[in-house]
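Here subunit A shows up in two complexes: once beside subunit B, once beside subunit C.
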Partner chain A sequence: MATVTFVEHDGTVHQVDHDEDGSLMEIATNHAVPGIEGDCGGEAACGTCHVIVTDEWAGTVGPRTGREQQMLEMSPECEANSRLACQVAVSSAMDGLKVRLPEFQM
Partner chain B sequence: MSPGERSAAAAMNSSRVVIVGAGHASAQLCASLRQEGWAGEILLIGDEPCLPYQRPPLSKTFLAGESALDELLIRKPDFYDKQAITLRCARVRSLDPEAREIRLGHGETLAYDKLVLCLGARPRRLVLPGAELAGVHHLRDAADIEAIRADLPAARRAVIVGGGYIGLETAASLRNLGVAVTVLEAADRVLQRVTAPEVSTFYERVHREEGVELRLGVGITALEGDGRVSGVRLADGDLVAADLVIVGIGVVPNVEIADRAGVSVEDGIVIDSCGRTSAPDIYAAGDCASYFDRRQGRRLRLESVPNAVEQAKSVAAAICGREKEIAALPWFWSDQYDLKLQIAGLSTGYEEVVLRGDPATGRDLACFYLARGRIIAADCVNRPHEFMFSKRAIAQELAPDKELLTDLTTDLRSLLDRSPSRAPRADRS
Partner chain C sequence: MNTTDGVLDRAKMTAQRKVQSTIPVQQQVRAAHLMDRAKRRLGMSEQLVFSETPIPDAADVPLTELDVSNPFLFRQGKWHSYFRRLRDEAPVHYLADSPFGPFWSITRYEDIRAVDLDPDVFSAEPRIILGHAPINVEMFIAMDPPKHDVQRKAVQGVVAPRNLKEMESLIRERVQEVLDGLPTDRPFDWVERVSKEITARMLATLLDFPYEERHKLPYWSDAISGTAEATGGTTDQDLFYTAIGDLARSFMALWHDKAARRERGETGFDLITLMQSSEDIKDLIHRPLEFLGNLTLLIVGGNDTTRNSMSGSVLALHQNPDQLEKLKANPSLIPNMVSETIRWQTPLAYMRRVAKQDVHFGGQFIRKGDKVVMWYASGNRDERQFEDPDAFVIDRPNARNHMSFGFGVHRCMGNRLAEMQLRILWEEILARFDRIEVIGEPTYVQSNFVKGYESMTVQVTPKAQ
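Coming up: the complex of A and B.
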């Protein structure tokens, strides 16, 4: 069992316990976390699962891909640690992962 | 809490939402209803023996055998347990808005307080001699694909009837599997209904490069074969050999049970800007629903996942007493080979196109559709940057300098209106 924490833009915290290996987007939508839409089902096509990884986890999670970069850099809320959650593979080893959500999904 | 709010809250605790249909809109409704605070019962009734699954991969990874159905579930089985959502596999035969009941195929009736019709659409059938032959398939749900997959080991020559997105995606998947493919299209170009000629040219070139035979502007008179299909007879008398035929000629919305119950139908089930139908406490969302699009100034019935999701969110809000208009910009996507197409907006009514890239070469292209100088839509192949730009540009009603737009050295962000009064949100980048 591992924990992921999602912090909404207004500060609301959603702590999710999971034992799934999957994408961060799937974990969020499977636990009905508001603010992560994942409309395209994980194709990196919609840009509605934008998250900002906290500094302490950025190294573990890794950088965004070229395609993510092209999607995200058009968002006014894009930050250095912005990722598309559907492209972030989460394992149970990433216990304690924490990400913030932007105010709006594109 | 006011007395009105108290009674609404009480209703949300003790009432029952029944969702008919179990596709993308339904899965979103389950999540959005709980996020909006619906604490009452949620009953989801689908006619397939499985949880709601992603349909777009059916013509791609699922057809190729690269993904199993349980990998395509929109939300995992756990989700429905945790959110206390009851699922039933049954066919709904009729509904009675006055009695607030639905009747199932085997005669059982079920009461509802709120009813959501997510009935989807079904493939338009080919009505021709021989359409019932073995080896002839339509494409909509997982069972259709499983039937195609069962025919694949013996398939050498496939014919796809219809050069729309479904037809072309299927053609790409079959080529990837090494099957010879001919696409038959009645119009004089592929994607004729939905894209500019320049985009059709791009896709025709790529499919030909991938070895697909395209026959455009052709009519079909019959499917031929002895028990199993062996060829497609064209209007000019030609016979195209085929041991597998896949028909992708559009869909028909499932509106019949609504229509018979007196719920207003105009192509789709008529909904207002928040997803309510003409009948009290009955809502609709997705491929079966017709809504008024403000940008287009007319009723539309869209067939896409994002549309189903957006309408479901509005319906969930409306059921919980909150007005959330269906307002998101329509968008679509299509994957063929290594080409990832993202479409922003609706191009209907465009006056000119501006290209970024060359349809005659390469594997990427952006095609912007302009009306009165403003960008109203864009088809972006392997150009996610242009797609995201277009979403913002359309929202801003941007009238860009066309030379700058077409110039590949232009940073598109510099064309966007960044003033706080026009931007949808503060720019913190």
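Coming up: the complex of A and C.
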């Protein structure tokens, strides 16, 4: 069992306990976290699963890939730690992971 | 196209590029028009004209000759079986001969997504329709990165969710006005009275276009996107040039008017204000074909699409009364119903790409320079992706996975606006009407690109008070 915390733009906190291996997008949508849509089913093709990784987790989560970069750049809310949640594989080593959500998805 | 013709066309394009910055755009449009007229008179080019004949059943046509570019395929309801056969038997299909030249058709969901995601191999340039347009206005929907990205970023703020929040109440008021003015005692044309009217109001708001002249917007859009050469439509070339010339003149004037108002300290959240405040494109007026391209893109992009999803939603709910009951019992399903409508309708049937290199794809060998058409209309009905894909199910769990907005860097910029527009429409419909009955059959647009309705007669029943 591991925990991920999603913080909405208005500060609302969603703490999700999960024991699945999968992408951060899948964990969010499986637990109905509002504000993460995943329209393309996880192919870095729609940009609707944008999250901003908190500084303390950025190193563990790692940088975005080329295609992610292309999609994220189109969002006015893109920040240095922005990732597409569907491209973040969550492992048990990430217990306690915390990400913020942008105000709007693409 | 014969070679002289090709040379003339290339000369026309080079000339267009050269004069872009020096000659007023109306004159450029006129020059291109004269050139085309001269070519026609000399017998060097002919206007394509399509006349409708019954389309044979998919099963009766040899696979290699299956032509999904026929502009009557949607109207005659043959598209389901044609695309199903392609998905099953030739998901990456080559048609050697069509009125639009040879082209590849990609018809399965996953393959379409893969092509859309690979702009390095599959280029959106020089245009995204199957045929060719009389004049090459430059739009970022038909540009590859990095040029595409710069232009898109400069204008996307106008339809960004933050801006939409500002516009929502204005759009809602305008929708309410339209619905409140509808006759309830006799049938009327939903396309004209509602879909077209609301779209024109929405676009006028977005562009801060003179409100009384808003009907010009759908008129221009139809004329520009509907030439036979481009999409198998019914606009003749003279009409096309008149429309694009008018549009250019109007928007040049609007640009200068807005600039003057800006000087006086007026602010706004419309497209032109946004362009004028962007460092990257505030001088766009000096690149008239690009200026024209960006405006045309928003006008055409926001027009047929939203209009036909509005009409489509009424038709789909008329044909599926159980779904309407479900919606009335649970209005929180509206957003998912909106996505399902956009999937079911697929207002734009495809986007076209051109292979930039030889490539093996889906077991086929696609050569550099070949046209590749991504048939979203087929991907949205792919049994491999959607259960019972032809059914209209407002609470379909994966309705949002539809590909009507495309994927990748060109993913529709107006998607949130389109969804908002439809959501507001249905919130206001449910507040007023018990049902909207479609009388007879709607008439369908002649096009291989726009999947939509010319007219749809309806009778509305007000809610019992």
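To be clear about the criterion, the second predicted complex is superposed on the first by the 106 of 106 C-alpha atoms of A that agree within 3 Å, B and C clash if a C-alpha of one lies under 4 Å from a C-alpha of the other, contacts with A are read in each partner's own complex, and residues count from 1 in each chain.
We take it that a residue touches a chain if its C-beta (ideal position, glycine included) is under 8 Å from a C-beta of that chain, and two chains touch if they have at least 3 such contacts.
Small disclaimer: the values here were computed from a predicted structure and weren't measured.
In the three-chain model built by superposing on subunit A, subunit B clashes with subunit C. Contacts of A:Ala58 after superposition: neither subunit B nor subunit C is touched. Once the two complexes are laid over each other on the shared chain, residue contacts for A:Cys78 go to subunit B alone; subunit C is not touched.
Legend: residue contacts after superposition of the two complexes on their common chain; A:Asn30 is shown touching subunit B, with no touch to subunit C. Of the two partner chains placed by the overlay, neither subunit B nor subunit C lies in contact with A:Val16. Of the two partner chains, neither subunit B nor subunit C is touched by A:Met94.
Which of subunit B and subunit C touches more residues of subunit A: that partner is B. In the superposition on chain A, contact is made by A:Glu43 with both subunit B and subunit C.
Of the stretches 80-88, 98-106, 224-232 or 242-250 listed for subunit B, only 242-250 runs into subunit C once the two complexes are overlaid on chain A. With the contact threshold set out at the top, residues 37, 39-41, 43-47, 67, 70-71, 73-74, 76, 103-104, 106 of subunit A are in contact with subunit B in one structure and with subunit C in the other. Residue ranges of subunit C in contact with subunit A, taken from their complex: 113, 116-117, 145, 149, 152-153, 156-157, 160-162, 398, 400-401, 405, 407-409, 411, 415-416.
Those residues of subunit A that touch subunit C in the complex are listed here as 37-41, 43-47, 67, 70-71, 73-74, 76, 103-106.
The touching residues of subunit B, counted against subunit A in their complex, run 31, 34-35, 54, 56-57, 74-76, 78-79, 82-83, 305-306, 309, 331, 333, 335, 340, 342, 383-385, 387-389, 391-392, 412-413, 423-429. Residues 20, 26, 29-32, 34, 37, 39-41, 43-47, 67, 70-71, 73-79, 103-104, 106 of subunit A are the ones that touch subunit B when the two sit in their complex.
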